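To keep things simple, chains are lettered A, B and C as they appear, and every chain counts its residues starting from 1.
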Amino acid sequence: MTLKKFAVTFALGSIALLAAGSVEAQDVHINAAPVGSPSVESGESHIGDITGHAENGKKLYRRFCVGCHGVDGNGQGENAQWINPQPRDFTDAIFKCRSTPTGTLPTDQDLYDAVTRGFVTTNMPQWRPLTPYQRADLVAFIKTWSPRWAKEKAGTPITIPPETPVTIDSILRGRAEFQKLECWKCHGPQGHGDGPSAATLTDSKDQPIRPYNFSTGTRFMCGETNRDLYRIFMTGLDGSPMPSFADVVKPDEGWDLVHFLRTMQPLKTEEKRLWIDYAKAHQNDIKPIGPDAAAGAQ
Amino acid sequence: MRLKYFVALGVAVMISSAMVVFATPPAGSGVISGKVTYTGTPPKMKPIDMSKEPSCAKQHATPVLTQNVTTGPGNSLQWVVVYISAGDDNSGTPTQAVRYDQKGCEYLPHVLPMGVNQPLQIYNDDQTSHNIHPLAKVNQEWNKSQPPGSPSIDTKYDKPEFIPVKCNIHPWMHGYFAVLKTSHYAVTGEDGSFEIKGLPAGKYTVTAWQEQYGNKTQDVTISGSETKTANFVFTATPY
Amino acid sequence: MSRRFREGTNPMKLSLRSRFFACAFLVLGMLACDVRLASALPTGKVIAIPAFARKYGLPCSACHTAWPELNNFGQVFRDNGYQLMNDRDSPIWQNPSYFPIAFRITPNWHRETADHQVIDSIPGGGGGSVPIDGKVIQSGFDLSGMDLWSAGTIYKNISFVLLPSSDPTAVWHFESAFIRFDNLAGSRWLNLKFGRFELDNIISEKRFLFLTNNGGLYQIYHFNVPGSLNNFGYGDNQIGVEIAGHSINSYERYSIAVLSSNEGGVNFTTDVVPGAPPAGRSYDVNLAYTQGFNAPGFSESGIGVQRIQPFAYIGRRPTYNETTGGAALVGEGNKPFYRIGVQGIFTFKNLEIDPLFMHGYDNAYLGTATPSNSGALPAGSQGPTFNGGFLEAHYYFNPQNVVMARYEQINVGKQALPSAVTGLPGNYGNVKAYSVAYRWYPIMFSRAGLAVHAEYSITKSIGIVPESGDGTGGPPLLPTDGVWSSSTFLGFDFAF
């Protein structure tokens, strides 16, 4: 008898729910793509052999992203006011971590990597636990926020030549470059993010921003390998004070700089080991990096 | 004999007409000139402290002043871009490059007008690195490092926009690229005066843009080779 | 939510009309809360917040399919020791006004019934009253218990949970309390948890979407063959130490736990409330391994990863007590038991399917309640076994609307003693249970949570009253009777 009662209620309930479910259960308070950009439905992303679809990404955006990035995709989610650095404003289509030259749009792979890897020291989590399909869908949806994606193609990824060997000479040349290129003006002589210009840095939205502190950083914003580091200063971090050095640094010099930068991080790397050995042997010879023009030259 | 003369004359006339037709657009001889002034109280321009960059600081006997509202004698406003915003045929992209210098940790000129797709060359004349960071919103925003001794950065913009330019390393550096569709523009000098030359006859809308106070527009009609006066007055506020 | 399983009840009769209204209420509740209204409420700015969401600024739906159930991102967060691994997890990076605490309680209206109950033919039990078979019904407004959940990091890679929990009468106990050393030797494959905690099961009874006395538990997570001395529940929090590890996206996970054989009790007793009997000195082991994968065609556009988890719990329980003057001192005469099975979470678009199968075995001494020092077992005794599980489904219309349904069944495989001896039917203790529920989260941001919860659950058990959250009901007159117990529920589940 109780089973009959259950069946009746279950049936009534199911009918009610089916009625409810037959309504298009799309969320209604997420803005669709802004005027002038490709429609949400036709937006796609291509990462490897996975195709992402903006329509699915829209549902995922609501679940995972809206709290920070906002219902309008402009980085003004409900939590944005308590977050530093501020969440990315997708309507500008300006992205920090790219494989493409400064001023150009990132590739789908760049956006996918950014979502997967997150941004260390920020509130942007590593979304790696999402399936690759979900991440590809999110990339496709993110691209619908700005009309630039309809009018411009993504930039051509820069060519990263094979890495040169890690030697103390490479590190010393890199150190000379760090001096010559005046990286220390923002990053500080020891890479602590305390250079003379560090305190006044603002990003492209006029928000104060701090340069990367090599001495505490276990990862970079845009990756963790030497290749990632090479790419950072060869493409610049658009939207931030970090410029592109592609026009002024040759590939070999770029690798030298990478090797030197590694010595400033608290990691057990080959570069660090070589540098420590050298520093012990040449304590009195090493000139500090800084405003003195001859410093750093070795 | 006379026939040859006439033929030669006819050919000459045809050639010269052709030159006129196929060369630069009919350069009219109308001129719009005037002065840009302000009423009210503008902010005081402050001296810039360049002590963090000694190689620049020593280039200035007296500190350079900020330039967001640069005033001159007779309540004039300098660095106002006056340009034809409507009525111009906008034909032809100038091929001559315009030049932007970073010198003494200042942008020279403070406001640089240029045409859409006109080549732009940016030079670093200082002994310090600058990063050149034009904050375009309609055009592409990019950011490049330019150490001393490096070659010019050659680029151009393909959409009209007033683009603020900054250097992150030297936060006091502010400048503007005024990318304009028209080739008829001028920037007011120290006395606030401007002159836009070479205007064919027609009805024009003239706009004056000041970086802090925005736009003012006027309609001016040119018939023939006359000089019309158009003055602009901005209401200045102390902040 | 806390689950206390005790005996005792005071039900009241209800008419047919009222029963109808209860069903109608549930249906109307579902209609009223339909998806068209779902996202209507504005998201204002509220200051008070559930702990993790406000620490990291993520919406509830980032970690939860529908709170409290975790999605894979939330699972990784939990496996990392409640850390995002963004170099900002240590509490030193938090605003000093942030405090890692969340409260949760569910005021509700509910109705409980149980049939085949023994009641007095004359209320009051006066002269001439005989025990008769009757149906007991009780309903009204009520409170749930309350959780005061604090969890987070003490330091980078040292995380903790402290969860004092109360029943509706505000009797408090520690549901969970542990410290966890995360990423030992820099490896996410080595994490050490120490204290009282939930066993590592991906279908968690503590973080699921049902709340009623009948539906708010998995029958098989608490089942023991009737008559057995065993008090183990796979869904009960245990006390001990666990080593666990996970891959970077938690697609692969393992855990090995060594636990006291005291059902998570404190003070060397078998419970966390005063007055519980003393426990023994032995230890149990729990093993679990999880594998996640993306099924092409299934994971695309879906809500998550496919996961499967075989598990095994091998334990011991005492069969008699060392006593003094007849009062129990320490449990002795341990005999083994095990529970093994496999569970999974599978998703397809907005649908989530959670199946679980478990096989259980108790040693014959436990099953027949024979002290192991008393010599031989009764004739014909054998170690009782049972097989069972459940199939649960959720459909997420969107992160703020979910409908759930579950079917459970447990069959006793072998009774401890033959029917001829006990006079009990071979299916004595078998369970069938059905639940259907709906949750609507009218607000979902990172600050506080509210869910409107409607549920109907019924359970049947042969010869005994089904296991239920409030322990209501008693055995029927006849051991062959199938006792049906039902819960109808409408509540407001809020957390802040």
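Couple of notes before you dig in:
Going forward, a residue touches a chain if its C-beta (ideal position, glycine included) is under 8 Å from a C-beta of that chain, and two chains touch if they have at least 3 such contacts.
No experiment lies behind these values; they were computed from the predicted model shown.
Using the mean of the Cα atoms as each chain's centre, the chain most removed from subunit A is C. If each chain is reduced to the average of its C-alpha atoms, the one that sits nearest the average of all protein C-alpha atoms is A. Centroid to centroid, with C-alpha atoms defining each point, subunit B and subunit C lie 73 Å apart. Separation between the centroids of subunit A and subunit B, computed from CA atoms only, is 36 Å.
Averaging Cα coordinates per chain places subunit A and subunit C 41 Å apart.
Residues 52, 54, 128-129, 131-133, 135, 137, 140-147, 150-151, 153, 168-171 of subunit B are the ones that touch subunit A when the two sit in their complex. In the complex of the two chains, the subunit A residues touching subunit C come out as 2, 5-6, 8-10, 12-13, 16-17, 19-21, 23, 25-29, 53, 56, 59, 62-64, 66-68, 78-79, 82-83, 118-134, 137, 216-219.
Interface of subunit C with subunit A (complex): residues 19, 23, 26-27, 30-31, 34-36, 38-39, 43, 45, 56-59, 61-62, 72-73, 75-76, 84-88, 95, 115, 248-250, 294, 299-305, 395, 397-399, 401, 403, 434, 436, 438, 445-447, 456, 458, 460, 484, 486. By the touch criterion given at the top, residues 92, 94, 101-104, 180-182, 185-186, 196-197, 200-202, 204, 236-248, 291 of subunit A touch subunit B in their complex.
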